[in-house]
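Each of the two complexes below includes chain A, the first together with chain B, the second together with chain C.
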Partner chain A sequence: MAIVTISRGSYSMGKKVAQKVAENLGFDLISQALLYETSDRFRIPHKQLQKAIHDAPGIFEQHQHTKKMFLAYIRSTLVEMVSKGNIVYHGLAGHFLLNHLPHVFKVRITASMENRVAVKIKEGLSEPQAKIKILEDDDHRKKWTRSIYQADPNDGMLYDLVIGIDKFSIDDAVELICQGALKKSFESTPECIRLSQDFLLACKLKAALVENFPDVGVICEYGNLLVYATTKEAHANKFKDVLGYFQRENKGIHNLEVHDMMTMPDQAV
Partner chain B sequence: MPVLIFTSDNKDFENKIAKQIAQKLEYTTLSLPFLNEVADKYVLDRDKLAEAMKITPSILKRMPSKTWRYFLSCVEVEVLNRLLKDNIVCWGLAAQLYVVVVSHVLKVRLIGGHGNTEQTAGAAIDIDRARKVAAEHEQKRDKWSMAAFNRKESNPELYDMVINMDQIQPGEIVETIVTTLGYPRFKAMTYSKTTLADKALAAMVKNVLLKTQTDIHVHSQNGTVVVTTTSIKREKNKKIDLLEVNYKIRNIEMEVLSFLKLK
Partner chain C sequence: MEQLTPDMIWVLVMIALAIFLFVVEWVRVDVVAILMMVCLPLLGLVTPKEAFVGLSSNAVVSIIAVIIIGAGLDKTGMINKLVKPVLLIAGKSTSRIIVAISFTVAVISSFMQNIGAAALFLPAIQRISKVQKIPLSRLLMPVGFSAILGGTITLVGCSPLILLNDLLLPFNLEPFGLFDVTPIGLVLVTSGILCFTFLGRFILPQGEPLENVANENTCSMDAPGEREIDENCFFELTTTSDFTHYRDTVNVGDLKNRYLVHTVALTEPPEFKTLSPSKTTEIRSGVDLVVWGAKCDVERMVKSEGMSLKPTIECYAGEFEEANSGIIEAVIAPRSQYIGRTLGENIFNDRFHITALAIHRQGEVFRAKLDDIVLHTGDVVVFYGTWKRLESLHKEGGLLFSLPSDLEDMRPEKSIWAGSWLIISLVMIMGFHIQLSVALMTGALGMILTKVLSIDEAYDSVDWRTIFLLAGLIPLGIATQKTGTAAWIAQSILAVIGDVSPIVLLTAIGILSTLFTLVISNVGATVLLVPLVVNMAIAAHTDPRMAALVVGLATSNSFVLPTHQVNALYMGPGRYRTIDFIKAGSLISILFLVVMISMIYLFYGV
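Showing the complex of A and B:
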């Protein structure tokens, strides 16, 4: 039931590693399928989702909630896709999107600039062009992570294991990740399953509310949903309608409470 | 055979895990007590040498920059010479900052795990407080490592592996590192041994020159040493003479220093 997320710097061989890890463990690999699935579910063009999860917010996007909305959709889809376990997710922001789940083995693959440039040169770029492209990519990732999660993507604390691929063969890196994923700490216990179900409910409700109420926060514990909103939001008819519909359409909800005028906890989705 | 350079912001775990790995692989260890040997060999004050590994130079701390750099250089020379012998687990001597791009050296950093140390459990310090203390310590170490070797100790790109101890247990870490050291890529080859020997040689030359010079950079490739320094035009010859006199006095093998150039 383990879940592995593999994050990487661009052109760091992370894709190959992820494919082999999934193959060796007999897990399903999720990569681009996440955005296509989100696109189908929420009827958002794939390109817009791609932009939301990859590009740093531009000057005019800072105060718009489009990015926040698309991310809530992507997160809700991903949490549902990984809820069955035995998944390798190789894509952007997996370690952030699934950060509430304790049994996710979060891996980052890094490579030296020389090796990354060498990969791009093989694709036909000149050395300066390759360097510029890689630095641009890195810059986008940094800005994106800072603006959405106020973190640095290179901070080791975000991951369980960081592998500098330069000194390892791909097979060695794959073996290390497979060993890690099968460790006791990442086994899916009944408690983990319960947390996954709660997290999924919270993410689904957030996705249902985010278009009209982008700043609400949702927590779910033992099937009890707590929604943190402003007084104005909490009394809006549309808000009540969405909550009512959500409660009718989803199983496993024991209780749903709206808390206004209360500070939203850090762990709220 | 491989060399393991090991570091952690949590000194409890650093010592414990490094010793366990050394024991399991029957490797020799190289850690903080080695500083006393270095101090004795170079006739340095033991306490001051230990202090130099922690503080950045300042007049208030009675450690001028020149002395500080010389102290660090002594440690670097001796550690590199020891690492040439292979099958070593080294920690606490900042080797991760000066042993770079040597293929048979595995560099591992442990982070996190503040919630399960004996220290935090015994003193009932909460995890958030422990994390805050660790972050402050990391900031200090980064400041030190930037001043000493122009590299941030906390930068994950400096290491081959960074393992977060929040979820992974010490026993599992030992197992993972032992497996990794067994990979063929970490076997010592002629090329990687030469790279390490070059680093040791460059460090030795730098150590000799640091007694009289400050602004020098020493690099060695296949036994050829290049010293780079800056000087104003009228001092150029004086500086070249000084460098030459230095290596002659110190009796460094002439064939090794066959190419000494001032840029």
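Showing the complex of A and C:
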């Protein structure tokens, strides 16, 4: 029932590793399917979602809610897709998007610049071109992570396992990850299942609210949903309508409250 | 028209800054006033003496004295005693009760701060709502509005009117007497009460009567359907003999977080009964416990945790008798020590051994994560506890609620002294024409000398926020007048609107003051508008005293939004939403303007 997220720098063999890990463990692999699924569910063009999860917000996007909205949609879809467990997620920000789940095994694959350039050269680019392309890519990811999560993607503290692929073969890396994934810490206990269900409810409600109320925060504990909003938001008819509809359409909600005039806790989505 | 001088520009900047800060509320209104008090002399717009003249002004001394006199009347329980005869006269009819209480509150409010009168009556009104089974929402708004309207009956009824004579001084205009505004105030109060009597059913939320105490909240599992599935009540449960086996420790706090169910009584082995156990208390095997929560949540808990639900309260029947313990709704009072701190930080459970069950705010009920909720004026906290423990909480102050046994630290034997000093003050003002501040301070001093209040209690009762708000804004009024800014703005406005009749001008001033008081404090609005409208009235050949009076009265016309302190206080207990104030308040605001202008036209012959 484990969930493995594999994050990697561009051209660091992460894709191959993820495929093999999924194959060895008999898990489902989620990668591009996430964006297609989100695109279908929320009727947002795939390209826009791709941009939201890849590009850092530009100067004119800083105060727009589009990126926040798309991320809430992507997160809601991903949490639902992984809720069954036995999943390898290979893509951007998995470790952030699923950071509320204790049984997620977060892996980072890194490679030296020389090896990454070599991969790119094989695709037909010159060495300087390859280097520029890779640095550009890294820069985008760094900016994205900083702007959305105020973190550096290269910070080892964000992961349970960091593998420098240069001195390992792909199979070695796969073996290491598979061993880790089967450790007790990543087993899906009843408590983990409960946390997943709560997290899914919180993410779904956030996705339902984010278009019109991008700054609200949602937490869920034991099926008790708590929305943190401003007084103005809390008393808006549209806000109440969304909450009412959400409560009717979703099972497992025992209580739904809106708290205004309060500091939003860090764990709110 | 006069040219704008650099000093006038600075005054305009300071006015804009004050209004901006009043609206955005980055700092408290009294801090804005102190900022003005400090900045104006630094900019050379007023002399240092003028900057602090507010602290020794007639208005500030009067308001200190009015607050002390009000506290004295409160301490003797005189006002609470008024409720009984008022209710006897009113009988059981809802409209007669509303008329009787509203009128009494209005009269009391005419001699003490509006918020003080409103807070004083809240427990009594809650009690009336319970006993007479009248929804609190139908009583509180008319009473709250009457408290505000009552402030217009005398010149000491509200801060803007107390301030008025001081603001007229620079213009050498004749000051108003204590009862000069009484005819207008009385008609305003009467029309407001009549409006609620005849149109109350259309403009007031209907609501539900307050729940009764203790044992009426005890649910019987044998009588399904008697109560709604989501209605909160008490249930007695037993844990199984293997409750603590093969699982993590379950404590009182866990049940609250998981099921929103509060454990209000718990047996600790072998036979030790604890009421209102702390959240860290462990729930052991084979023990009895009483919980308070919604039936659906309790049933869910029983199923998930493997407990068994008893048909009635058995082991704790004695403890849960009405005479021993119960539930009260406590309202966070203005200036309460609990304001700005979370329920958890206030550690009610640790200090008083009582259990906070829910918080009501603006029509919403909060049950989850109560400990994290920051308390505000007017929030209603629902507590369970023994009456003795709840009395300890009551004595601590800061919360408004009524108990079945009234054991407050009152001094009823001093009632005659308190009443006498109030009358002496009034006689000095009316009979001997002694200055308002001197006469009122005599009354306040008399209360201290005759031990109605101790000097420390008198100091504690003074709301220093109001004092500094008044004192700090007075120099802004002086600067506006002294630099010619008020005259310049008045001329600019008159140049735009042209020649208008006095009644139209006064109506426009009334509307302007009403709008100002909705966004900035009533004192701020008065200080800014009085110099302006006096200049406008002089230029338009209208009576400038009447223009100032319109401002003084219309700054009490604050009913449309729950921004007035009285409305904020009553919002929680009445379960009102902003829309309720907009609905009823709009009508009362229009009525206020019409009555006020008509009365000025008829009574003062403008």
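Rule of thumb we're sticking to: the second predicted complex is superposed on the first by the 269 of 269 C-alpha atoms of A that agree within 3 Å, B and C clash if a C-alpha of one lies under 4 Å from a C-alpha of the other, contacts with A are read in each partner's own complex, and residues count from 1 in each chain.
Just so we're on the same page, a contact is a pair of C-beta atoms (placed from the backbone, for glycine too) under 8 Å apart; a residue touches a chain by one contact, two chains touch by 3 or more.
No experiment lies behind these values; they were computed from the predicted model shown.
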- Mind checking the superposed model to see whether chain B and chain C fit together on chain A or clash? fit
- So, A:I193: does it touch chain B (first), chain C (second), both, or neither? neither
- Item | Larger contact residue set on chain A - chain B or chain C | B
- If you stack the two complexes on chain A, which partner ends up touching A:L226: first (chain B), second (chain C), both, or neither? second
- Of the partners chain B and chain C, which touch A:M261 in the superposed model: first, second, both, neither? second
- Message: To the nearest 10 degrees, give me the chain B-chain A-chain C angle using C-alpha centres.
- Response: 110
- Query: Does the superposition put A:I253 against chain B (first), chain C (second), both, or neither?
  - Reply: neither
- Message: One more residue to check, A:Y159. First (chain B), second (chain C), both or neither?
- Response: first
- Least Cα gap, in Å, left between chain B and chain C after the two complexes are fitted on chain A: 19
- Item | In the complex with chain A, residue positions of chain C that touch it | 257-260, 297, 300, 362, 364-369, 372-374, 376, 577-579
- Could you please specify the touching residues of chain A with respect to chain B in the complex? 102, 108, 110, 112, 154-157, 159-164, 166-169, 172, 175-176, 179-180, 183-186
- Which of the residues in chain A come into contact with chain C in the complex? 221-222, 224, 226, 231, 234-235, 254-255, 257-259, 261-262, 265
- chain B to chain A touching residues, read off their complex: 103, 106, 109, 111-112, 154-157, 159-164, 166-169, 172, 175-176, 179-180, 183, 185-186
